[in-house]
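Letters A, B, C, D and E mark the chains as written, and numbering starts fresh at 1 in each.
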Amino acid sequence: MIVRPRPGLMDVAFALRGSVLPRIKGRLALITLLSVAAVMTARLHPGIFSQISAIPFTLMGIALSVFMSFRNNACYDRWWEGRKLWGSLIIACRSLARRTTILEMADRRLVLTGLCGFTAGLAARLRGADERAAIARHAGDGPWLGAVNPADALLQHLGRHCLLLMQDGRIGAIHHSLLEEQLHLLAQVQAGCERIQLTPLPFSYSLLLHRTATIFCLTLPFALAGALGWWTLLPAVLVSYTFFGLDALGDQLEDPFGLEPNDLPIDAMTRTVEREMLSALGETILPPPIEAKANILT
Amino acid sequence: MIVRPRPGLMDVAFALRGSVLPRIKGRLALITLLSVAAVMTARLHPGIFSQISAIPFTLMGIALSVFMSFRNNACYDRWWEGRKLWGSLIIACRSLARRTTILEMADRRLVLTGLCGFTAGLAARLRGADERAAIARHAGDGPWLGAVNPADALLQHLGRHCLLLMQDGRIGAIHHSLLEEQLHLLAQVQAGCERIQLTPLPFSYSLLLHRTATIFCLTLPFALAGALGWWTLLPAVLVSYTFFGLDALGDQLEDPFGLEPNDLPIDAMTRTVEREMLSALGETILPPPIEAKANILT
Amino acid sequence: MIVRPRPGLMDVAFALRGSVLPRIKGRLALITLLSVAAVMTARLHPGIFSQISAIPFTLMGIALSVFMSFRNNACYDRWWEGRKLWGSLIIACRSLARRTTILEMADRRLVLTGLCGFTAGLAARLRGADERAAIARHAGDGPWLGAVNPADALLQHLGRHCLLLMQDGRIGAIHHSLLEEQLHLLAQVQAGCERIQLTPLPFSYSLLLHRTATIFCLTLPFALAGALGWWTLLPAVLVSYTFFGLDALGDQLEDPFGLEPNDLPIDAMTRTVEREMLSALGETILPPPIEAKANILT
Amino acid sequence: MIVRPRPGLMDVAFALRGSVLPRIKGRLALITLLSVAAVMTARLHPGIFSQISAIPFTLMGIALSVFMSFRNNACYDRWWEGRKLWGSLIIACRSLARRTTILEMADRRLVLTGLCGFTAGLAARLRGADERAAIARHAGDGPWLGAVNPADALLQHLGRHCLLLMQDGRIGAIHHSLLEEQLHLLAQVQAGCERIQLTPLPFSYSLLLHRTATIFCLTLPFALAGALGWWTLLPAVLVSYTFFGLDALGDQLEDPFGLEPNDLPIDAMTRTVEREMLSALGETILPPPIEAKANILT
Amino acid sequence: MIVRPRPGLMDVAFALRGSVLPRIKGRLALITLLSVAAVMTARLHPGIFSQISAIPFTLMGIALSVFMSFRNNACYDRWWEGRKLWGSLIIACRSLARRTTILEMADRRLVLTGLCGFTAGLAARLRGADERAAIARHAGDGPWLGAVNPADALLQHLGRHCLLLMQDGRIGAIHHSLLEEQLHLLAQVQAGCERIQLTPLPFSYSLLLHRTATIFCLTLPFALAGALGWWTLLPAVLVSYTFFGLDALGDQLEDPFGLEPNDLPIDAMTRTVEREMLSALGETILPPPIEAKANILT
C-alpha cells in the first residue's frame, strides 16, 4: 500500500513513485511515436487521413469508458473485499483474545500463538512464501505441517483443543460455542482470500478490454492528425495515459494480496495481530510495527 | 475457468484461446462483408448514403453501451455469486471437519464422506451429470438415491444422524447446533446455486439487447461508408467485436456452472473438498488435485 | 418466467413470444407514422425543420439513457431480491424438514404440511388469489383462517406448537431454537415479499421518466427528418424500441410476483416445496412438477 | 407514498398529482422566459450568440447526468433502506408475537402493547410529532416517558421484563435469548432510521450539484437560441424538467420518513403492526387499516 | 457534518459556508486567468488555436466523468459505511444497557461507563487525539492504558468481567453470550473504523484522476478559445468547478472521521452514547448534547 499524503500540485506534476507511469511508459512512448508519425505523414500528404473523422472515435471511446469503468469497479471491489477479510481476521483474533481471558495461561497461550501462526501462514500462502515455515515460527511443530492445507489444519487443531476443553468440563458448552464461532470466522477469511486469489476476473473479459483499448489508442492519432496537427499529441497521449493507466491499476487491484505498490499491507497487518496477541498474553517485549519503506507499506 | 498469466502484447494481438473470438467470428465476418459492400456501393453511387449521419449512431451507441453494461454487470454478479456460494461450501465442509474432531471415527467418517457425496452430487446436478451416481461414489447407497432431491436428502440424512448423536447423549445440544448450523449453510449453498442455474436473466431483456445490438452493428457500416471510405472497416469491426464479444461473454457468465471456458472450476473445487476431507480423516493416499488442461480448469 | 434457449439469429429477427414487442407495438406504430409524416413534410417544405439539430438530442438521449439505466437497475434488483426471498423460503423449508427428522410423525407432519400451507398462502397473497383457501388446502381448518394475516397466523400456530413441544420436554430448548430460527426466516421472507409488492418505485420517478422518454421519442423524428430523409425511420424506430421496451420491461420486473411473462415462477416453486415436503414425509405419490406452457413457467 | 396504477398515456400527458411538476414550476417558468428572451435577442441581433456552440454543453450535460445519477442512486438507496428497516420492524414484531404464544396473557399483553408503543413512538420521532404521547397511547405511563430516548427506554423496559421472566424461571434462558434477539433487531431498526434521518447526504454534494445544474439550465437557452430559433424551447424546457425534477425527487427521497408525497407510508405501517399485535392478543375489534387519501398513503 | 436546511435559490447563488469553493478557489482563479489569456491570444493571433477542436475534449470529458463518478462513489461508500459503523456502536451500547438491567448496580456501572470510555477512546483514536486520556476520563485507570491498543484492551477488560460474572454464577451462560455478542459487535466497529481510516483509496488511483482532471481543465480553455471567444469562460470555469469540486469532496469523504466540514459528527455521537448510558444508570444531571456551531456539527 502506498502511504503518502494527498497529492499536492507538485506531486500531480512530477510524482513517479506511486504512479502507474513506470508501468505503462513503454506503451505511452509508442503512442507518442505513432502520433508524431501520423502528424508528419498528414503534413506530407495532406488529405491522407481526411476521411477518418473523430465521431466514431467518440462513440468507441465512450463505450470503452463505460466498460473499463465496469472492470475497474470489479477489481476495486476485490481489493476492498480483501481488506475487509483481513479486517475480519483482526476482529476474530481480538475476540478470541477477549473470550479466553479466564482460561488457564497454557491454554490461552496455545490459542493465541496459534492465531499468530494462522495469520502468518495465511499471509505466506497468499504471497507465495513458505506457509509451513511461517506457521512453525509461531505455532511450532505439529501435524498441521504435514497436512494438505496447513493453515486450515492449524485451525482444526485449535478447534479440537477447544472441544477437548469443553469435554473436560473446563469451559461450558456455550463458552465453547463462542470460541468456535470465531474459528469459523477465520475459516471464512481464509476461504474468502483463496477465492479472490485463485479466481481472477474472467480472462476473456480482461483480454477483450485490453484488446479494444489497445487498438483504440493505437488508431486514435491517425483519426486526429488530419484535423489537429501537432495538437494531436495532447489528446492522444492523455487518453492513452488514462486508459492504459486504469488498465494497469485494475491488474494490480485484481489480486490485492501481492507485493505490488498498491497491494494490501498484509505483512503490516500480520505484525499487528502478532503484537496484539503477545500483548494480550502479557508480554512486554514486542516486535516493532512494520513501517512504510519509501512510502510503500507491504 | 481460463488459467493464464496476464495477457502480454503478443496475446493481445494473437491469442485465440480464452478469447471470445471463435464464438463470434461468424458475425464479425458478416459485418466485414457488409462494410466492404457498403464502401463499394458508396464509391459507385456517391451520395447514396450521404444522408445518413453518424450523429444518431453516436446517440444509439452510447445508450446501447449503458444498457449492455447493465447486463454485463448482472451476469458478472451471478458468476461471482456462484463462486462465493462454492466458497461457502468449502468453508462449511472445513468447519464441519473441525467441529467433528472429537467424534468417534465411524461417525466422523460418515459425516465427512457425506460431505464429499453432497459436493459431488451438487456439482453433477449443476452440470447436468448423473447426480445419484456422483453421490453414491462417495456416500454409498441409501434412501437419498430414491428421493426427489438426492443432494438435499443426503443432507437430511446427515442432519438426522447428528440429531441421533445428540439424542443418545454422545454430543451436547450446543455442539449439535454447531454442526446443524453448517448443514444449514450447505442447504443455502445448494438453493443459491439452483437459483442461479434455474432463473436466468429475464429473457426479454437479453432479447431486446441482442436485437438492438445486432441491428446497430448491421447498419453502422452504411452510416459510415459515405464519409469514411475504406476507414469504415476499422470502427465497424471494432465496435462489433466489442458489442458482440461482451454479449457472448455475458451469455457465458450468466450460467457460471457450465463447461464453457469462462465458467467456474466446479470439478477442481469438488476435488479440493474431497482431498481436504480425506486428509482430515487421516488418509494419506489422496486423489491428485485437478490441473488445468490447455489453460482451462473445469 | 420465460423458459427458452438462448436466442439464435432467427429469434433475434422474428421472435414475438418473450419479446416486449406486443406490449409496445402501438407506440412504435405511432412513432413510425410520425416519422413518415415528418419526412414527407420535410420534403414538401424543405427547411422547415432545418433549425432543429441533432446535437441537443444527443445530450438528452444520453442523459435519458443514464436515468433509465438507473430505473432498470432498481427494477431488476427488486425482481432478483424477490427470487432470493423465495430461495430463502425453500432453504427454510428444507432445513425445517431436516431438523424435524427425529420428531414423532404426527408432529412432523403438522409442521411440514404447515409449511406447504404457508407457501401456498404466500403465493396466493402475492398473486391476488384466495389466501385462505390456499392455506386450508394444505393445513386444513384452524384459527389462522380468521386472522388479519392468515399466512403469518399459520406461522404463529407452528411456532406455538414448537414451543409446546419444548415445554413438554419432547425437544430440548436448543433444538427448539433451531426450529424457531427457521420460522423467523419464513417471517422475513413474507415481510420481504410484501415490501416488494406493496412499495413500488416512487411513482414520481416512473412518471418523470415515462414523460421524458415519450416526449423525446415523439420529437426525435422531426429533429432528424430534415437531414436524414427516409433514413430517419431507422434511428427513430430503433431508439423508440429500446426506450419503450426497457420501460415496459421495468414495469414487469418492478412487481416480480405477478403473472406477466417475465415474472417469477411462484407456482412452480410452490409445487417444488410441496413435493419435497411430501417426499420428506415418506409419501411416494407426489403431484407432478409444474412444466412451462408455451415457454412460460408461472 | 403515491398509490396509483401505472401511468397511462393520458397520465403521461396531464397528470399533476404525483408529479414533481408543482414543485419545480417556478424554475421551469423562468427557463421558458429566458428561452423566449434568448430567441428574441438572437432574432434582433443575429450573431450575438453565434459563438456559443452546443458542444461544450453536450460535454457538461453528460457529466452532469453522470453525477446526478449518482446522487439519485444514493437518495433512492436511503429511501429503500428506510423501507427495509420498517420491514424489519414488522418482522421483529411478528416474531415476538410468535415467540410469546405460551407466555401468560398478562406478560404477553405487556410485550405486544409495548411493541405497538415502540412503533408509534418511533413513527412520531421520525415525523417530528410527540413521541412521548404516541408511546403513552399504547404502553401507558412509565419511566420511559422521562428518559432521554423514550422509544429506546421502552425497549429497555421490555428487555428488563423478559430478563425477569427468565430470572423467575418462567421462561428458559434459551427462550429468553430468542426474545432478546428480536429486541436487538428493534434497536437496530431505530438506530438505522435515526441514521438516515439525522445524516443527510453531504451538504456540499447537494449544493455543488444544485449549482451546476442551475447554471447549466440557465445558460442552455443562450447556447441554443442562435442555431435553433424557436425550437430552442423544446430542449431547454425538457432538459430543465428532467434535471430539476430529478433534483427535487432526490430531495424527497433523501429523508424518506417525512410527509411529502413520495415518502414512506409510516402511519399505515404503524397501523398494520397495531392491528396484527391486537389480533395476536385475540382482540376482534381492530382499528381499520389506513387507506390512501387522494392517492397518497401517509 | 454540515447542518443546514436545503439550499434555496439564494444559497445556490451565494453560499460559501458548506461549499467546497474556498478549497478550490486557487485552482479556479488559475483556470479563469488561463481562459482570459487564451481568448486574448486567440484574438491577437486568430487561427493559432484553430486546429484544436472540441470533439476530443468531449470524449476525454465524458471518460473523465465516468471515472470520477467511480471514485466519488467509492469515497461516498466509505463515508456512509463509517456512519453505519457508528450506528452499530450506538446499537451495541443500547443493547448492552438493555441486557444488563438486572445486574447489580456496581457491575452495570462498570460496563456502561466502560462503554462511554470505549466510545470516547475510539473517537480520540480516529481523530488523532489522546486516546488514553479519553478513556481514562470515563473508565478511570487500569491496565488498558498501558496496552498496545487501549480501546480494545478496555473491551477485553469488559469481556473478562462478564466471563467472571458467569464463572461466579451471577449470570447464566446464555445471558453471558448475549453480552459478549455485543462486545464482539463493538470490536467489529473498531476494526471497521480502523480499516477505513488506515486504508485510503489506492493512491495511484487518486493520482491518476487528479492528473487527468488537472490537465483536462488546464487545456480546455485553449480548445474553446478559438471558437467561443469570451464565452469560453463559462464552460471552462463551470467544468473546472464541477471536476475540482467533486475531487475535493471525494478527498473529504475518503476519510470520514476527520474534522473537515463534511466529516461525520463523531463528537456529537460520542456525547449521545454518554448521555444515554448515564440516563440508563439513573443519573439525571447529564452533559448537554453537542450543538452545531456555525452550521458545523463535529
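By definition in this document, a residue touches a chain if its C-beta (ideal position, glycine included) is under 8 Å from a C-beta of that chain, and two chains touch if they have at least 3 such contacts.
Composition by chain, UniProt nomenclature: A, B, C, D, E = Bestrophin.
As the structure is a computational prediction, the values presented were derived from the model and not from experiment.
Shared contact partners of chain D (Bestrophin) and chain E (Bestrophin): not a single chain qualifies.
Averaged C-alpha coordinates give centres for chain B (Bestrophin) and chain E (Bestrophin) that are 38 Å from one another. Remark: chain A (Bestrophin) and chain B (Bestrophin) have CA centroids separated by 23 Å (rounded to whole angstrom). Within chain B (Bestrophin), the positions touching two or more other chains are listed as 55, 57-58, 62, 64, 66, 69, 173-174, 177.
All the chains close into one ring, and from chain C (Bestrophin) toward chain D (Bestrophin) their sequence is C, D, E, A, B. On the chain E (Bestrophin) side of its complex with chain A (Bestrophin), the touching residues are 51-53, 55-60, 62-64, 66-67, 69-70, 74, 147-149, 152-153, 155-156, 159-160, 163-164, 166-167, 173-174, 176-177, 180, 183-184, 187-188, 191-192, 194-195, 199, 202-208, 210-212, 214-216, 219, 251. Residues 1-4, 6-7, 11-12, 15, 18-20, 54-55, 57-58, 61-62, 64-66, 69, 72-73, 76, 79, 83-84, 87-88, 90-91, 94-95, 97-99, 101-102, 172-175, 177-178, 224, 227-231, 234-235, 238-239, 241-243, 245-246, 249, 252-253, 261-262, 264, 275-276, 279-280, 286 of chain E (Bestrophin) are the ones that touch chain D (Bestrophin) when the two sit in their complex.
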